[in-house]
């Protein structure tokens, strides 16, 4: 089965653990709870990581899409 | 119950305390009074924090959405 | 009474003194005379402040919305 | 009489001397000949100023709106 | 045969190995699984490379279009 | 006669020599052959200047509008 | 014959050698195979040049429009 649209990939990652890497260099790791066409995303049980190290526990966060470089499934 | 859209998460945080982290690195902590699709937000009883330390009491502030990295419920 | 939309907050601040903080770090303090959906604002009797100190008296200024971080009522 | 929209303020400044301050820190001073909803502006008899000092006489210039921080009437 | 639209080129690269170079200077190399008009892309079996050296294995990643400089077929 | 819209000014400069100053600080001087509402412009017989000195002869160039600070007629 | 629209200039350059200069300072030289209204372009037989020196042979590349400063025909 081929994936024809990028948002299909995010849809399949719903409720799974993802890494969201930002233009700032920071990473947010959590469960993908929601996203929209602007790539605004909501992560549950989110942690902030810098250079692979957990810096903060953040609970549920809403991340604005235009700050994101990539989202990877883990 | 699943959250299908990111704005649903903000809606559920209405009148609750949130942390708004900006691209500048500063944080604004206050009660989420209002938001729109551009993620412009209004915070009540807002405080500015830098490196976790309160810098300024700001009362009610309107924050322009395109300056925001994430909004976390606390 | 709850504020459902961010622009309602700006509307209530009309003709009142506001602080407009820009991405550049500068602040413009004046009477909120007008605004639009892009958050372009017009301030009357505007002063430019840097680190809390008045740098320039500017009279009436039109500030482009995309330069703004936040608007606070004082 | 109140000003309800920001562009009304620019309209009233037509053919008057204005200061246009850019994100680059430079100022362009001249007669406001035209503007549009993107805040693209045309200045007549324009001068470029840096730190208050006239650097260049530029005649008529078209300034792209997204480079502008504010426009002040003088 | 001529290619009249840029997206035709991406369409022909579907399921082939591509290099996606970002504004950050990093490269993501993988199989082009999906793209859209914003140039959001999904890469399968993606690797991050910096200065030609593999830094991370990332599996399937969704890359936001506005971070991309170019996509090259290899 | 007044100029009511900024693009009228560019229209009047068609086929005349203009200076296009970019956010990068570089200037492109040439004949204004075409422009559109995004302020994308085409210059004929274009020269690149840095600090007033000719660096390169570029022939016909298409300049993307969002890189432009101002266009001045000379 | 006058050129009334900037895209006409790109259209005339189709299948010809062009230089695409990016905001990063890098240049991509190749045959203009395709472009669209966002100024996304496809170059065939593309080479990356930095300070006039060939750095990489890239084959066919899709360049995202918002990274481009200018396109020059050579």
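For clarity, chains are labelled A, B, C, D, E, F and G in written order, and residue numbers in each chain start from 1.
To be clear about the criterion, contacts are C-beta pairs under 8 Å (C-beta built on N, C-alpha and C of every residue); 3 or more make two chains touch, one makes a residue touch a chain.
Quick caveat: nothing in here was measured; it's all calculated off a predicted structure.
Separation of chain A from chain F in touch steps, taking the shortest path, is 3. Taking each chain's centre as the average of its CA atoms, chain A and chain B sit 19 Å apart. Mean C-alpha positions place chain C and chain G at a centre distance of 42 Å. Between chain B and chain E, the centres computed from C-alpha atoms are 33 Å apart. Shown for chain D are the residues that touch two or more other chains, namely 66. Ring order of the chains (start at chain C, first neighbour chain D): C, D, F, G, E, A, B.
The touching residues of chain C, when paired with chain D in their complex, are 14-15, 22, 24, 28, 33-36, 40-42, 46, 58-64, 66-67. Considering their complex, residues 2-10, 23, 39, 65-66, 68-74 of chain B touch chain A.
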